[in-house]
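Mind having a look at this structure? Questions to follow.
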């Protein structure tokens, strides 16, 4: 067990957030969740390149806001680090970022349909979910946001909002805290599924701007978020429990298996 | 183990109903299930504020019909208690209430489409599922039903029916018994999913008013409900079993972890 | 362990078929699977009234084709036994019957859309899936097929086909063997889901009559069915395993818990 | 434990790929995954006829490119071996093949809708997903691709592409490696689901040809595929773990249960 410093606690929480958001179906083999460094706002924390559902505290590395690893490493890193670094640069109020390809959000990114808050919990998306299209500034690309200028362009599209939809790619979500980020990532995905389904029934009547603002404030209070965090925590523990128990029996030594992957 | 009084048995049943309805996908981190006090009709039983899937008997507190806790407490309570209190006040025949945001029901609340019984089990919804829109009396709000007058307004919309759809929010379901409530909450959600799917095929032909009445009576008989209750109980036991077994090994003491959350 | 007579083996297989079809999502708390008695064609085997997912060999009772229990019992029986008895009477070639409310089939029953084989495995439904509407002969009812004349009417609608869709209610599926029945019940449900989804993409091009006949024959050969049976068996074992293991630890005595339910 | 020769390792990997693709929902009781022999390009490896989710290394047999078993056997073999053999003959660059009936792909096969890359991960399908219709050359059939000339016809339709959609039947996917195949099989299925869902929202805007090419190259690099392979591996281990642990307790002998099935 590592020493429970502020940094180690942050890595534990971040690893858990990766696994929880994945377990709730927002992330699959790809996507990532990061956290601004708890004591140095010029750095952020991010796993090396592995599926979010598998991320453990010891997989978390430190990066500068230019998305360079603080300690040189030959381990494989995520290709889209600049999504996170450029948003942390542009938005001092943002302390956590998730980039994902949630199945309920993608149809909006593919069709260009506007995502709107259609129920009180969906108000966590904020006033607006702007679109960013890689074609506008960069033409035909891999769609991967790998260059600093691509990350900076995405951050400009995010502007002062909390989620940006990326055409034919996915979404990037921001939060003031890791807990708020997780709430927003999961409930914007739920809202998208409901909005899609409502279209098949006919008319979609979203929240008014004022309702969205009031409901957003209400649902992002610490007590509400804590209730959801506890729920997702227990659900993850249920899913991971017996697997962890079997792994623990097999590997009594504390050696990092991940080392072998460098 | 607490003494098996009528009250303690009611708390056990209510906690289990919370977890079962959640396990069947009707509730997620939010929503709540309550029960009128088994010996004092001027009170009702409700968990403190936590996700229904986690609720245990010892989490259940007593409330007056004005939705005040009978014993003062500093634990965090659900913000929408008045939904329950005001319905228990207005409807002496109601002994159990569930407020939820089921994914199959929400599209009806978003689009304003009428929910109708489309198969015999869906007849559990009763003759009609009226709508309530917070805008009608209260204008722009958080959509949260937190004030007594909002709860009373919702209870008026429920009228003598058994489910009320809340625009851009969710649904509130009532039952004569906890078992009936669970059956209705789950099968109205199933009915909604089927009705939505049937629209994509074309014409929707619902039950006639007489069919709905006859099928509703048939399916709400104790034997039918008991069969479903046993089914959902075993499903919950399967899902919870190995998790509970691991928890029991770790925590030999009977201490309430929840106390720490106050 | 009961003596492995032909009858006891049949009860074991039937109980397992109930649980497998339920585990694959075709049955929920309701519906039932039955088998003609292996040595007396004038009788059939059926569980007492409980959810199919819970049915064990010792729950299986014997019934005459008039759907009376061979041994008088005060245990609660399924209300729709006549569906099975009347089909066994009318169709000597049928040895197994399943009545269900599968979520993918119901939209067809609600909208009156014709179910057609849209891929080779869906050809297990046979040349045609006729409709039966309880309103035609009986007007407004509970929709429950409880009277002998209702069962006989349904059997007439089934005619020489292998599945009949019941308007606003569900479906009844027949098979020459229990294995064939299970294959047909599951793959007609899968076919329905695919057909519904294909409509959202536009034109639906089903199998020709000859294709349906050839593919149906091919897929109902014993080798094909055995492959599917093994698959569903292992899936059920995976799902039931840890639950059964825990139950076995708790209840060392072989007493039937179900006796208490009479 | 068999000796870890190249062949035995290939059989282990192939068995695991069968189970992983099945576990991710692309295969059910039917379909198959094969691998070109690692040292003899004139042979391929394939399980005997059982559901892919159950395939173990010891179930894998060797076949000539004419789809005859190298060692005579009386075990039941897959009926559609020629799909694989004829593609290995026609395409020396293909080393792995999967034939499946994924629920998200079938609606395209039923409706004749063109499958297009709608997000970067879907670019794994390549420039185009051609259709093959058994009716064109063979008229009314069982739809099963069992004859060499049917397999050869399908291989011609696949041409230099990486996936071919089979009208009213399913799809066949090819890969340069087993890892690439798995990635393509799973992400083309995900892409299909997203494309279908996007149609319900309105306009579908796919990748440009250049984007598809660039994104396809990016996502099929070894590092990206390895990340997905690790993810699917752990997910399979979680799902299989407790089942395998129980089986191991029951059967201490290493005897092949499958022998009994010949």
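Chains: A, B, C and D, in written order; residue numbering restarts at 1 for each.
Everything that follows uses one rule, which is that contacts are C-beta pairs under 8 Å (C-beta built on N, C-alpha and C of every residue); 3 or more make two chains touch, one makes a residue touch a chain.
What you see is a predicted model; the values in this text were computed from it and never measured.
Novice: Determine the set of chains touching chain A that also touch chain B.
Specialist: A chain counts here if it touches both chain A and chain B, and no chain qualifies.
Novice: Would the interface of chain B with chain C count as same or different, where same needs over half of all numbers used to appear in both copies?
Specialist: Here the answer is different, because the shared fraction of interface numbers falls below one half.
Novice: Between chain C and chain D, how many degrees of rotation does a Cα superposition need? Round to steps of 5.
Specialist: About 90 degrees of rotation relates the two copies.
Novice: Tell me, please, which chain's centre (mean of its C-alpha atoms) is farthest from the centre of chain D?
Specialist: B
Novice: Can you work out the whole-Å distance between the CA centroids of chain B and chain C?
Specialist: Using C-alpha averages as centres, the distance is 31 Å.
Novice: Round to the nearest whole Å and give the separation of the Cα centres of chain A and chain C.
Specialist: Comparing mean C-alpha positions, chain C is 44 Å from chain A.
Novice: Got the chain D residues that touch at least 2 other chains?
Specialist: Answer for chain D, listing residues that touch two or more other chains: 200, 242.
Novice: Where on chain A is chain B touching in the complex?
Specialist: 118-121, 190, 193-195, 197-198, 200-208, 210-211, 214-215, 217-218, 223, 227-228, 230-232, 234-235, 237-238, 241-242, 245
Novice: Can you tell me which positions in chain A touch chain D when the two form their complex?
Specialist: 28-30, 49-51, 53-54, 76, 101, 103, 106-113, 140-144, 167-170, 196, 199-200, 239-240, 242-243, 246
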